[in-house]
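Shown next, in structure tokens, is the structure this report addresses.
Going by the order they are written in, the chains are A, B, C, D, E and F; count residues from 1 in each one.
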Amino acid sequence: MKDGVEEFLREDVPADWRDVSSAVVEGVDAEATVFTRDEGVVAGVEEACAVFSHLGAEPNPRVEDGEGVEASDVIMEPSGDGVALLRGERLALNLLGSMSGIATATRECVERVERTGADTTVAATRKTTPGYREFEKRAVSLGGGDPHRYDLTEAVMLKENHIALVGLEEAFRRAENRASFTTKIEVEAEDLRTAERAAELGADIVLLDNMTPEEVAEAVESLDGAGITAEASGGITSENVAEYARAGADVVSMGSLVHSSDWLDLSMRVE
Amino acid sequence: MKDGVEEFLREDVPADWRDVSSAVVEGVDAEATVFTRDEGVVAGVEEACAVFSHLGAEPNPRVEDGEGVEASDVIMEPSGDGVALLRGERLALNLLGSMSGIATATRECVERVERTGADTTVAATRKTTPGYREFEKRAVSLGGGDPHRYDLTEAVMLKENHIALVGLEEAFRRAENRASFTTKIEVEAEDLRTAERAAELGADIVLLDNMTPEEVAEAVESLDGAGITAEASGGITSENVAEYARAGADVVSMGSLVHSSDWLDLSMRVE
Amino acid sequence: MKDGVEEFLREDVPADWRDVSSAVVEGVDAEATVFTRDEGVVAGVEEACAVFSHLGAEPNPRVEDGEGVEASDVIMEPSGDGVALLRGERLALNLLGSMSGIATATRECVERVERTGADTTVAATRKTTPGYREFEKRAVSLGGGDPHRYDLTEAVMLKENHIALVGLEEAFRRAENRASFTTKIEVEAEDLRTAERAAELGADIVLLDNMTPEEVAEAVESLDGAGITAEASGGITSENVAEYARAGADVVSMGSLVHSSDWLDLSMRVE
Amino acid sequence: MKDGVEEFLREDVPADWRDVSSAVVEGVDAEATVFTRDEGVVAGVEEACAVFSHLGAEPNPRVEDGEGVEASDVIMEPSGDGVALLRGERLALNLLGSMSGIATATRECVERVERTGADTTVAATRKTTPGYREFEKRAVSLGGGDPHRYDLTEAVMLKENHIALVGLEEAFRRAENRASFTTKIEVEAEDLRTAERAAELGADIVLLDNMTPEEVAEAVESLDGAGITAEASGGITSENVAEYARAGADVVSMGSLVHSSDWLDLSMRVE
Amino acid sequence: MKDGVEEFLREDVPADWRDVSSAVVEGVDAEATVFTRDEGVVAGVEEACAVFSHLGAEPNPRVEDGEGVEASDVIMEPSGDGVALLRGERLALNLLGSMSGIATATRECVERVERTGADTTVAATRKTTPGYREFEKRAVSLGGGDPHRYDLTEAVMLKENHIALVGLEEAFRRAENRASFTTKIEVEAEDLRTAERAAELGADIVLLDNMTPEEVAEAVESLDGAGITAEASGGITSENVAEYARAGADVVSMGSLVHSSDWLDLSMRVE
Amino acid sequence: MKDGVEEFLREDVPADWRDVSSAVVEGVDAEATVFTRDEGVVAGVEEACAVFSHLGAEPNPRVEDGEGVEASDVIMEPSGDGVALLRGERLALNLLGSMSGIATATRECVERVERTGADTTVAATRKTTPGYREFEKRAVSLGGGDPHRYDLTEAVMLKENHIALVGLEEAFRRAENRASFTTKIEVEAEDLRTAERAAELGADIVLLDNMTPEEVAEAVESLDGAGITAEASGGITSENVAEYARAGADVVSMGSLVHSSDWLDLSMRVE
């Protein structure tokens, strides 16, 4: 994480001595308060602390990653040379704002699922901001979700496009042949028949794509006893996630957790 | 840009030969269609092309960055080895989806401003996703907006926190002293009096922060003739951007262009 | 792979113009023959080709990765400027020699297993040369083996040391809690009882560590029907791998494939 | 060295928070013992210490690089958070195992040479594992050997292939012309005549390639008084190294020190 | 700055353990004195301190960056292990020598300008040593000069070549269109007429190129009141800089500050 | 070299699309002429070509590295899109100007030595611009000089400071012990006695430091027949280099070749 944070700092401050704005407060000891205007789940505290530490300030976190906060709660109170505080402010807020937004959206979906009594996992997807996936997946995790595959080398996923090109049987055979025994194989199914065929072939997971809750329920029932994990995906939002949970999906995966969540509204004030 | 794209690919595919999913379609020549389900302004075409080119496929773009599209329009038709197409799919869509979302949101605000007849510039801020700023700023630009400062070394901006620590006069004096003559100096003002004082000190730009359109109008009038650029910021959204334009702001800057825009909904299908 | 090869070249040639040895043959067009003095399975051809291509020579491979060769067979016949050939020679041979050695050792074990008629997978481990794992795992793969986990983020493996610190039940509970549903969980067992307990807890794979073939056979029988993969490891060499296969292990994993295989003896001659 | 070690850690742990296996022992303070099952010469202690230090644990080395050890001797006793110990375990053992194997093989050859009473240097070659040369050469050094040329920019070496392309005289003339006066020039000779010619031309070192001990003895005698260093290479192993030493070679260089040495068998146990 | 210094160290010491020269003083505690044989303005102290700190020695600076020194003044007295001192010596002296040379040359010009009573800024240009600009610009700054544009993304500069290709009006129109409102636009003028036209178009700065002091005076007078900054450049040296200041230029920019300044003559002695 | 050039380009153009100045000539095909206003020896042509090629333009070199030029001679005529030409201009000129300056200064010294009839080598030192040594040493080479040690890992050099700390005998003993047999050992001597002692110990090279030509002559005579290379250094300039050559030094090394040479005055003009 530290590596990433240093690189992000270089994005905002390619060369310290050329940051004239922050330099005007050189030599002034200061204390700052980072607070939220929204309620939600905080994520990015560890990263924001790394920003201030890297710049030589004391981060002083007041909440932990994954904790819930109310509007106007204090997240951290970094103190140190004014330059360090004002130079790190924007990046710290960008990390906290974006990651907390994702954690908050995830928690909301997780709670909606929990209220149904279902044991359904809420998961992210690979629809993430290029270069920032590590942080977005961690935010999902802090919100109580499952990060899902981190990249193309984790688990095997045979999607509609793979099947269109070589057929399900051939695709599965090749995947089984090349994948390590330590790796699960998942098959995307757009209809019940494909889902059943995937289970017969020995898939570990079937992704029920773009199905209604009713179709998912039917598929889950039909696959029952096959020892296969049923994941529903496609068009699932906080609005309808509970219905998919009730339909019996083991997992619901939602790109919207990352790409449609709003940032938490945070500010920093110095004294 | 190419550098960035290669790094993003490594995020999704740390090692080609370990991407078993894509490998199942090895040796199959294919053509793909990348299309949109939403209308909007396309951005990221150049980047998506770089993804497919880097992987050895023909990108075949069908629209240009900055162009408007309707739902179901085709963005590009990459062709080549199946592995290249399916390996690059997710990253290409992530780039196109996120950047087009920003360009679309920007264009909407630009058009709302244009309809007022005002000559107001719509600008982004430094509230961007860590590591992805280059791409988000470019998307704002493609949507017709102004990217604003790229990082802390561009232009000098004295904000509320700087002023709180050393006072406006001292902050300005130090900034003028250290900044190159090639650089503009901007001062954030939370009230009319600070704005006027900034103009007297010789600021190039004044940022009217968190003011109502009425307060902005008053400030603009008061600063008229001082040769200073008036930028309004804070709480400006597509809903109220027109009012700020009518209030006479030279520039309105909006963090929401980047952090609250929805991705364009895009897919890729192979044959 | 290309990235790695460029970095390796910089290790041997930190700066082209300072390589005086190769420079003495500047301007001389040459053809070279890379041949083997040993029989075995070739690996590293793709990498060796990348070396010569990067230096501007034609690689001209004559066998494919994974192919068997006899003593004095020609592997490739690179041609081009003498500088390119002699500058790339050592790295190309180091890649081919080390990777082919691993592929050859792997193939030998795979064939010994095949002769038993068992359907046992021969796998590598994480005992690899620091910085060179990618290449060593690929060589195992080309020899017909399973690369096993690439790094600590792939699959979860609870080993003796984890169990010693927090106990099997607690370790498994935590692992299940944090791991994505896309990931398998493996438990290392030094005795039958632990193996059975792992199966009950829901482990996907059990690693039977440092057991005799007889103990492995007993464990396999006892686990039969539990849907768990049985991997034997510890002290398995080409000498006794067949016995472990006959004992019914689904997988045998062997560090020796990488760290104890001899390089294939290869040379390059120019004309 | 620290740079290399960090990069190696990233190979085994691309992202800390995704290492679920180690995370199960979070918060447990632990002490570990790294011990050897083989006797030999230890190398890689400094590197293994860097691994644990980097992860925040106390390395506590118990022997020094280059020291001899007996079976079951303790190498180090790292202590700290369980996560740090188990996360660093594999890399630390891989460094110690591979480097100690090389140091042990080197020491054995050095001792065989010493027993002959000859003042012959045992040296490595450029036959090393790509990306790991720095560490392998250092291990040779710790075993009492000479690392030889680190890369193509150190010393000039005119080998059979250079001579085949432009002739010895021309190759030597060009080398002398381009090489700095601070650099030695070495010529590979496959027969006595070439060796003598190299000495006449002013070579600093002659490499007697693939000669029998008798041929080496003859060459050494013939070159006596020419102030040239005689290096024997090609097919020299621990079995016959003493004969080459007795033949009067100033240096014997052996690729096998690196590519054919067995790893020392080491383990780590936590309490 | 620290990043740069580490990279520079790797240039001089690619691998610590291969630096045999410094290793001969291992284990000897030593104190060193870095002193100057020339008078001038010191720059590079912070960088030289970073070199010794990075190597584990105490830097002990005795003067500050930007301070004036007399011949034989002591700059710093680093102490620590002999290896650290002798390994860092050359790089520390190279940084101090080159940067102090630039700072000294800058100060001389600044003082010549000050003696005229003019309020003219002395500035550098982009004529800098590739890879070392950051350090050269900082040295100019420490000498009292203005660093000018750091790179092509700072401010817009339309030079003779741009104008030759598309004409001044078109070039200016395009620049205004694409540049952020936070950025100044500068136009290079080889004659009075172009300078006046640039002012009319709204340029922030006009660069009066290769003009005599008389021509500059004429241009300054003609532009008076247009609110445009007048920068003189081309052929300005310490000899004639005072004349350009007297001519009324707001800025004089001089490539010679960087590319023609002599290094300060510095040495290090250990005891 | 290409690696270095790309990094240098990023220094001047951190992001292509943010280079508004060059963008104003987008789409205009152009031809440029790079010419010199000074006579001298050209170096950096290969590097300048790499700059333009990297940007997609045709470099079209008209002279070769190491060739002599007269004032107003054309060095290269790059052609292509206006953006590529104007974006690469500054870096290409910086490379050519600085490297040609060094090559020219070196050639002058080489010629002065040649006119004495002596067979003395003119060499550089490690007094180079941090980060740019590769290019400066190559320029010395192109001017006919010897680059000398590239870094601390090449050859061993025992200087006054090493000797002050551990004594000459001990320093030499340790150096011999640790250095590879492929490496030369050089000793710096400030008086005749040290030079003679170094020869007795078996040094390959003695550096006669800060001696007058007469002292050098005396030392050379005294060392005659010892088979040691005599290098004179310290205060040698183009003014007195001939005297040192006449004194019989095998090598004269001069820091001034790099740090005191003036850039060649070059320009680029487009049509």
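Note that in this section a contact is a pair of C-beta atoms (placed from the backbone, for glycine too) under 8 Å apart; a residue touches a chain by one contact, two chains touch by 3 or more.
Bear in mind the structure is a predicted one, so any value in this text is a computation, not a measurement.
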Each chain counted as touching subunit A and subunit C at once: B, D
Neighbouring chains common to subunit C and subunit D, by label: A, F
Chain whose average C-alpha position is farthest from subunit C's own: E
Furthest chain, CA centroid comparison against subunit A: F
Subunit B and subunit C, separation of their C-alpha mean positions in angstrom: 45
Rounded Å distance, subunit A centre to subunit F centre (Cα mean): 53
Distance between the centres, which are taken as Cα means, of subunit F and subunit D, whole angstrom: 33
Multi-chain contact residues (two or more partners), subunit E: 14-15, 18, 134, 147, 150, 153, 183
Category of the chain touch graph - line, ring, star, complete, other: other
Touching pairs among all chains present in the structure: A-B, A-C, A-D, A-E, B-C, B-E, B-F, C-D, C-F, D-E, D-F, E-F
Contact set on subunit F toward subunit B in their complex: 15-18
Footprint of subunit B on subunit C - complex, ascending: 1, 134, 138, 141, 147, 150
In the complex, subunit C residues that touch subunit D: 4, 7-8, 11-15, 18-25, 28, 30, 32, 82, 85-87, 89-91, 93-95, 97-98, 126-135, 151-153, 156-162, 164-166, 170-171, 174-175, 178-179, 183, 259-260, 262-263, 268-271
Interfacial residue positions of subunit E with respect to subunit B in the complex: 121, 123, 146-150, 153-155, 180-184, 186, 205, 227, 229, 231, 250-251
